[in-house]
Amino acid sequence: MSSLDTVIQDLVIANRILAKEDVVDAYGHVSIRHPDNPKHFFIARSLAPDLVERDDIVELGLDGQPVRDEARALYLERFIHAAIFEARPDVHAVVHAHAEDILPFGVAAATPLKPVIHSGSFIGAHVPVWDIADRFGDTDLLVRNMDHGRDLARCLGDHKVALMRGHGFASAGRSLIEVVRLSVYLPRNARALTRAKQLGGDIKYLSEGEIAARAAGYSPYSAETWRAWEYWANKAGCGHMVTRPDGKHDHKSKS
Amino acid sequence: MSSLDTVIQDLVIANRILAKEDVVDAYGHVSIRHPDNPKHFFIARSLAPDLVERDDIVELGLDGQPVRDEARALYLERFIHAAIFEARPDVHAVVHAHAEDILPFGVAAATPLKPVIHSGSFIGAHVPVWDIADRFGDTDLLVRNMDHGRDLARCLGDHKVALMRGHGFASAGRSLIEVVRLSVYLPRNARALTRAKQLGGDIKYLSEGEIAARAAGYSPYSAETWRAWEYWANKAGCGHMVTRPDGKHDHKSKS
Amino acid sequence: MSSLDTVIQDLVIANRILAKEDVVDAYGHVSIRHPDNPKHFFIARSLAPDLVERDDIVELGLDGQPVRDEARALYLERFIHAAIFEARPDVHAVVHAHAEDILPFGVAAATPLKPVIHSGSFIGAHVPVWDIADRFGDTDLLVRNMDHGRDLARCLGDHKVALMRGHGFASAGRSLIEVVRLSVYLPRNARALTRAKQLGGDIKYLSEGEIAARAAGYSPYSAETWRAWEYWANKAGCGHMVTRPDGKHDHKSKS
Amino acid sequence: MSSLDTVIQDLVIANRILAKEDVVDAYGHVSIRHPDNPKHFFIARSLAPDLVERDDIVELGLDGQPVRDEARALYLERFIHAAIFEARPDVHAVVHAHAEDILPFGVAAATPLKPVIHSGSFIGAHVPVWDIADRFGDTDLLVRNMDHGRDLARCLGDHKVALMRGHGFASAGRSLIEVVRLSVYLPRNARALTRAKQLGGDIKYLSEGEIAARAAGYSPYSAETWRAWEYWANKAGCGHMVTRPDGKHDHKSKS
């Protein structure tokens, strides 16, 4: 496959993984920046991620509009992706989702979401909460245009994740694998923290130094990173679509 | 298929979706008003929703009795549906279920169930709690006749959902897709609120304006609404039964 | 099939249902009294319930010993069943299990387990907690002989369920379907109550009158009872083994 | 199969069981000491446990290094296993995992993890919490070398399990079946305790005498122990790989 074919195939896999891992349901989406044109990005047409195939991927500009004639419906909230790609040249992949276990942290002011387990370190030391009402008043909470998207991107700043009050989250990564991993472990970190609160007493969060040490050690194509991608793809039923970092199309499956 | 055939097929799909999404188990039911005769409605015979097929659908009147000779057992609580259709001409579909995560809100007086996430907005700003004991004293809690049903319908008023103390809920929608979606996201909103309470501090609910804005933006055949129906039907194993809003029988399934 | 064949087939189905519904895992068991000889009962040999087939069923006496030569290992805790059948002529089926969500109620003294949802009414108004240590001191908590079993049966008294501290529960029913249903809804009632406690404030339990009304209305072969059995059997993959109350071997399965 | 073949086959099964039971995901690993050479042990190469096959098993020394040329990536944290095998001649199998429900007990100081249910007795009366920061300051929390591993092994001492703050746990058993069973019931005990705390009031833990009585009664090849191994292997889809304790390769599967 050409490099671009591989990018699109990986985006299909990412859609399926996020569905299988309960990060998205009928709603939520994942995008990747065009590898050769940083002003474009790929995302599925309006479709549940679990059903996405290659032909469902469309190419959009940083204004959130399709770069070719497109008759099919698009995600209303594609402006989340457009605005983050616009504001953050370092970001190559974005997820927006409503993963259930992070929702309480968007509405309960008393407990900020912070890394409490090592696999949650990638959410970063601070997770801002964006409230669309602060600037736009009473809305349907959806990010329906670039103004909404840019306001969210401002709140995200140079962080990895922003919670969206009463709605979900937006996460940003340097690579597709990174943003998928971050989005899968974000709810797990949220659950661990929620239960730790139930146990009572002081909670020991990861230190700033630990978060930094883990970020420094992260490599998008390490054996450890790849191990999870391969596992999740198999679990989601698309192990056969995986292309290895060395370019081999080698499918490990269970006997 | 004729229009009526499609209505019945959609009701079969709705049964399967509600089962797959854990809204119903062996108990709970969903009904749809007859499109041509507002004094009749369709519902399954006494059968677990996951097993319902076309031939299991029966036609009842607004007294909850079958309009044709029927030898098969019917749901004891079909009067929930009859009484809501009787009281609410705007309602075209009804669900009754015992979804586990809403049950605590029917018995714990301290925390009213209110929308705290955007997908929960469709339950409306106020969810009344109906207690059969208020009027009927000690019963088996089942809605066994029109008196019970009408008392529940009075409590529901012009709301979308009524909780039934120690029992479950009844929800009412303008369309089948709407009431299914509402019934799937109702427990999710309940879980998000339960966990937010565990995190402590003030909770930010959706504002009345946000609930209204979302209701105003809702369209039963929008791309967003359809996306969820298609997703849930596929997940429930009946994607092949889906008829698209444009009348095409077009099945999107995973490669 | 002969009547006895049907009894044994139903016991196989009950094993599978309890496994599928997460009431049992590798541990836990279900038994039924011999229909023609009240001093005997049937139970599987030492085997995970999900794997039980007809040939795995053995016949034991009220001393918990096999009535025929038996080379295969038996459940260590078969004395739970023997002692309850001995003490309770009205009981025709017994379940012992470690269903996870009831365990907290056996060890946290502050919150007694009581019916809070209508499907939980069958556990009865009072659920005693048996602590093996009260009479036998430090043991491995297992009911290893008739002394242990009889002490548990005394605690159970004429109730439907006894919790076993730090261990699980024993439930007793007039029929196999009844005890399976009771055992499936017992953890659900426990979860609803646990979450209601988290919501805070007063909790409205079922009244004694409601519990009595529901018990009075219960019929082991009603359409409602049958509906659940048929549903659970299908879900557990053994719908084809079901014999209907009218003796027909009629398998409803999904198209 | 030769004895060594059986050991490796059992290790494959253990990998699959731990994945199916949600003890591990892409991360986490299980090892077994070489039966003939106590200075060597077997563990998978860097691979998600659910995908492990016979050819993925490698042989390492007590320094955590492969005893033969090995081109494939190895688990970064294999030093957990090496250091525990080095320190504990009585230990023949080790698991390291991030099972979600134990994580809160590693970070919330107020509630120590102790056995509260009989199947949790095997974690022992005291579960120490190891914090890598105590000795090594800010790290990425991974056990990357023998210094880290030996510090963890010192904290484990002669216990069965050590929690690893913000990371997971390490468990040690006299046999593979024992450490798998321990690792499966560890999160269950954690959940039961977390929920018991929610119910409030005093909690009745297993007594020291009960824990000792259960440990004394444990036999790695009893019918009860075998029952769980057979069940879990079948559930994980590898019942056909199971070799019985009597050496027979006899596969019980569902009809």
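Labels A, B, C and D are assigned to the chains in the order they are written; within every chain, residues are numbered from 1.
Criterion: a contact is a pair of C-beta atoms (placed from the backbone, for glycine too) under 8 Å apart; a residue touches a chain by one contact, two chains touch by 3 or more.
Given the structure is predicted, the values throughout are model-derived calculations rather than measurements.
Least step count on the touch graph, chain A to chain C: 2. Interface of chain A with chain D: the two copies contact each other largely through different residue positions, with under half of all numbers used appearing on both sides.
In the CA-based superposition of chain C onto chain D, the rotation angle is 90 degrees, rounded to steps of 5. Taking each chain's centre as the mean of its C-alpha atoms, chain B lies 32 Å from chain C.
Chain geometry summary: the mean Cα position of chain B and that of chain D are 45 Å apart. With touch defined as above, residues shared between interfaces to two or more other chains in chain C number as follows: 197-198.
A ring topology is adopted by the chain contact network, closed into one cycle in which each chain touches exactly two others.
Going by the touch rule set out above, the chain pairs that meet are A-B, A-D, B-C, C-D.
By the touch rule above, chain A contacts chain B in their complex via residues 16, 25-27, 46-48, 50-51, 53, 73, 76, 98, 100-101, 103-105, 107-111, 131, 133, 137-142, 165-167, 194, 197-198, 237.
Residue ranges of chain B in contact with chain A, taken from their complex: 116-119, 121, 188, 191-192, 195-207, 209-210, 212-214, 216-217, 223-224, 227-228, 230-232, 234-235, 252-255.
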